[in-house]
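Heads up, there are several structures right after this.
Here chain A shows up in two complexes: once beside chain B, once beside chain C.
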Partner chain A sequence: MSITEATSNSVEDSNTHTKNHLNLVKLYLAIGILVYALMMIAGVALRAAQGASYLDMNPQLFYQIMTLHGAGMVGVTGLAGLAVNWYFLSRHVLLSTKIFLSALLLSLIAVAMIIGSILIGKFAAGWTFLYPLPAKSLGIWSIASAVTFAAGLLVLGVAFLLVYLDMAIAISKKYGNLTRGLGLHMLFGRAPVDTSHPTTVVASSMVIIVNVAGIAVGAVVLIMTIANLISPAIAPDALLMKHLIYFFGHVFINASIYSAITAVYEILPKYTRRPWTVSKPFLAAWFAATFMVMAVYPHHLLMDFAMPPWAAIAGQIISYTSGIPVLVVTAFGGLTLVYRSGIRWDACSSLLVLGLFGWAAGVVPAVIDGMIRVNMVMHNTLWVPGHFHFYLILGMLPMVLGFAAYLTTNGEQGKSNKIPVYIYAAGGITLCMSFLVSGSLSIPRRFAVHQESWQWLGNVGAIAGTTVLVGTLLIALPILFRLPGATLSAAR
Partner chain B sequence: MQTTVLSISLLGMLLVTAAFVFAIRNSKQRNDDYGAVSAKAYGIRRWWMITVCAVGIVATVATLTPFPLTASTGDNPRIIKAVSGQWYWQLEDTTATVGEPIQYHVSTVDVNHGFAIYNPNDRIIAQTQAMPGYINKLNVTFTEPGKHLVRCLEYCGLAHHSMIVEIQVSEAN
Partner chain C sequence: MDILTLCNMASRRLNNWQLNELPAPSTARALLVFVIMVGITPAGAMWFESSMTTHMLVQLPLLIVLGAVCYQPKAQLNSFLTRIDPLGAIAFICYTGWMLFWMLPLNLDLATIEPSVRLLKLISVPIGIGCCFRWLWHQSNAVLKCVVVFETWASVTRLGWLYIESPLQLCSSYLIGEQQRVGTLLLVISGISATVAVFYSLFGSFNKKNDSTLAKSTSNG
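Our next item is the complex of A and B:
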């Protein structure tokens, strides 16, 4: 005790330091998994309501639950991604447990505000709170509940910014600055590629850059929304607000996926006993992704003809190119690692590779929807939830669960059952197909009531969603029981 | 159109799946010489990158010429105003003729709405957003007669799903 104190009096005892890091990550994961399960129940209810055979829900409640499911899933995805990223980053730099804990507490306050505004205040403008709908519900929800919702998101944003600030300072201390963290001096400079530069530091630097921008823009648009709610005379331009909202929403959800990928970078090499190190293509891919994640949001605005044609064309091209790093570098790199590696397939390794698959395959319907000609007939149909559920259920969430499985087996391989992963994947693929096929039949998204010819797909989705939920629980329950005993320290 | 989109997407996703299945099926036997494995993989990756770029260039050119958003502008289209509000459509004229170039001027009096035209087969043939402060001009030339529906495709509150109006398209005489 006294020895460590003597060497670094600003840092806590290195043992408790390590333990606190791990305990916090466990807390994030446990809360995250519970929220995921609850929000899945909500999702199943939505799809069942659209099927109209197993559940009857009035439209007002449907849109409340839709708002809850959207905000809840996006929020928990952000937090879970953050936890994975924070765990691995704290192996390389010194991160503050106090800040990470404060962020969790702030998030819980935010969650209470958001849930309250929806369930008590009946707020139901969707998680994207598209201006000016929050202020114009025709009496369904009050101004106060809309303000509470927006303020809740704002508090959540502050929580993230705190952690990112801490991460950015820690990376800068050790590596100079964020662009060096991203490895740009090796990509563009004369410096040879230093293969000991951690992939997690590259990913973290990218996530910090894009998401600080995303959340800052989100804060601006939330404050403008709140200002408009309180004093309607403040009426910002609707197209501007749409730009800001989609920039924020798109960057935020993407950053969560790019955070979770650190689990694949760090754990898959252990299973394959092969290195996954930085290289020029790797650095180039992350550098490109940094820009494209921020530049790709206009594909949400292709049907706003007030946008100039060049913007729509740029939107289509960037949407395509943003898929390339994923397909050519990340997924390909993962498969190279797995090929002829003698890998042991357990829940952890299966989930991580499933995550890579979901991310890569999800690129296809996303990129296709980013084409103007396709967007004309697919925009705001269920094709859209189809592509992002693909990314999230088959890409992001498996990475998080795979990470949790790794923690709870203390890194020991072959200790977790992979059958639940098959159940989960089968349900997930069927659910996403129920959305994509619906989209190809022109069935709109965000419809509380589906006409009879559409309902069978809702029923298929409800059954598939239940399968996903069962798979999640089968994977997650052993994890939750074993989590308290996990000892793999985060900090090193 | 929609069927083509679905088929191409499924094909692309199947290709990705095939790559994963291939790697996973060949994952049990270990090759200790990772240098050789990755050297071979880099060779494949170069071709894969070239393929992805080539497909991208062809697809971009093919889908952007003629530019889709203005492609159907006929000469002197008939202008029909379409005003939206929570939760109704007000169309200046709810009839049209096959082959007649029409330009819908879509606007809103309150929140964002979406103006999507469904053909008698219940598939979307064209859409645009209705955005506060803007008038979006949507060019449409109907190709088949019969009952077309306009549905609201931007979530606009409680009765969003029932914001529907009919357009009756008649055969050209």
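Our next item is the complex of A and C:
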């Protein structure tokens, strides 16, 4: 074989290779957007049921739908974040499409198990499966359905684990190891800061570290849950289980936004024509966040009086500061990037900046609730859904949609309509306010039936939620139609 | 010298630790035969099986490690195995299957009472777990290797916790206090191995010398 033949062959190979990469990301996005829309309908139904004017739902069904909405949203958020992260990481290292595809198939199996356990098995203990509730159904759902739900989460964990391992190995092969991916040799070592070190690799290394730890804990705690379901005599310590469940759950949902942020790092500089490179503060922030994301979950345990006070206080302090480093670096970096850059505002750029705003503003209610004194009052009120819907609807989801818009316009700027983004944002802010105001009135969360004096807030939320849904569809439908024609290759 | 350099040096040592530092297969084979023979003789069986700790944490690991070390198939067998199980998938199923089988207290119990089950243990553990592990390690890509390590770690942790937590005596041959001691030891093993794994994956220097072992990794679709 001549040399030219060999090179043309390998070019062809790498073309089909990158095409496979892109097609898989498209598949993830299309499925993700559809699931988001479906789960939003479920969310609107929940809020409307609490409002009691537009919908009358029996409480048993409410808790089933709430479990579905929670598990579905958390799962799809994880998958969407993974897709964004995978797309950009595969520009820098060699990732396996086979593994990415198997992860999608495994996730679909997991989703079938989870949906089956909820809709057929009537499982309704919430996506957090807080022990020992799954075993105490008072006859509403069967042991088998609770086991199926937990096993479904286990399969989902394996799916993510496969991709993270592949990413970890690819980063290690190119950069030496995960701490080098994270840039610690530049932060602490003698090495000068290499500005060509990709921001995406730093973010990915952090996400891999925290999520593999989370999945490891989940793999143990889910089996203990199942063991307790099958044999109630095996009754592990409830507080220890709570620690592990929230470590798993909190890390998992938190990491999704740190995955999606890669879209901001990679796309926004194209709009402002200014580079976004690593620097010492950037590396320090991501290094700190690696530990903090794993250490903040105790804010879920501030009310557990069996916890030693020092643990609660440490949890409070870390919760306080956890989001801050990366947030400050990213928000500041984003602002300096955008300021007087002559950025073109279209759907993609406005969604990405909305995402930054939502993330930054979403921290405020979170930090307030992280104070023990406040938590005494606010814990288990709608304040909590208020803060995480803020993060997710105004922070995480816009980043994903912005990324999808970027793909479907093939990187061309000014081509997408930004009006739907305003509709979406207006609906999102109103919905979150309906939660936050409810919370400040001490209205409990996870209540199927609300007192009459609370109900107007439910109705406001239902209307706002519908607006969010409409906004999402207006943004997403053109994306879904144009997605097959997207050509921006993922791999190098 | 800063801490990163230290960590890197230590993990490079771990990386350079090659399989040829293991004892030769012939030595391992002789040792394995010896351990099996001791396991069969009444006095030896008594000693290994008298406590749950020696049974689970001495005899079984010995059998697994020796089985893995002495495994060196002849060319003919090797090509046959490569043909039927190129990816190590069958070995993976075999490995997990036997691991699960011997983690069930019932089977461990039977092995102390029933001579045929004892024999099954002495044969299936080195071959079904040890050799299969070696084959699987040899054939599979880096991701599958990591999954195997991860799952093995998770199973040890779960088992340890279950042994501690179970209010019932799971084996009829061993008392509950002993069961809890084994559980604690399993958790200690899990803790140590997790520390090593975290250290290795964070600080290991993979792209240097170790490229050859990773070369087969990530089947890029």
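Rule of thumb we're sticking to: the second predicted complex is superposed on the first by the 478 of 492 C-alpha atoms of A that agree within 3 Å, B and C clash if a C-alpha of one lies under 4 Å from a C-alpha of the other, contacts with A are read in each partner's own complex, and residues count from 1 in each chain.
Everything that follows uses one rule, which is that a residue touches a chain if its C-beta (ideal position, glycine included) is under 8 Å from a C-beta of that chain, and two chains touch if they have at least 3 such contacts.
Since we're looking at a predicted model, the values are computed, not measured.
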{"item": "Overlay on chain A: chain C relative to chain B, clash or fit", "value": "fit"}
{"item": "Partner chain in contact with A:109 - chain B first, chain C second, else both or neither", "value": "neither"}
{"item": "Touched partner set for A:34, first chain B, second chain C, both or neither", "value": "neither"}
{"item": "Touched partner set for A:224, first chain B, second chain C, both or neither", "value": "second"}
{"item": "Partner chain(s) touched by A:133 [first = chain B, second = chain C, both, neither]", "value": "first"}
{"item": "Partner touching more residues of chain A, whether chain B or chain C", "value": "B"}
{"item": "Partner chain(s) touched by A:234 [first = chain B, second = chain C, both, neither]", "value": "second"}
{"item": "Contacts of A:440 with chain B and chain C, given as first, second, both or neither", "value": "first"}
{"item": "Contacts of A:209 with chain B and chain C, given as first, second, both or neither", "value": "second"}
{"item": "Chain B versus chain C as contact partner of A:335, first or second or both or neither", "value": "first"}
{"item": "First, second, both or neither for A:166, with chain B first and chain C second", "value": "second"}
{"item": "Shortest span in Å between Cα atoms of chain B and of chain C, once chain A is used as the common reference", "value": "14"}
{"item": "Complex contact set, residues of chain C against chain A", "value": "2-5, 7, 11, 142-143, 146-147, 150-151, 153-154, 157-158, 161-162, 165-168, 194, 201-208, 211, 214, 217-221"}
{"item": "Contact footprint of chain B on chain A as seen in their complex", "value": "59-60, 63, 124-126, 130, 132-133, 136-138, 140, 237-239, 242, 274-275, 281, 303-306, 309, 312-313, 316-317, 320-321, 324, 327-328, 331-332, 335-336, 338-343, 345, 353, 356-357, 360-361, 363-365, 368, 371-374, 376-381, 436-437, 439-442, 444, 446-449, 453"}
{"item": "Residues of chain B defined as touching chain A within the complex", "value": "1-3, 5-6, 8-9, 12-13, 16-17, 19-20, 23-24, 26-31, 34, 37-38, 41, 45, 48-49, 52-53, 56, 59-60, 63-64, 67-70, 86, 110-112, 114, 116, 118, 122-129, 131-134, 136-138, 151, 153-162"}
{"item": "Contact set on chain A toward chain C in their complex", "value": "17, 20, 94-99, 101, 158, 161-162, 165-166, 168-170, 172-179, 184-185, 188-189, 209, 216, 219-220, 223-224, 227, 233-236"}
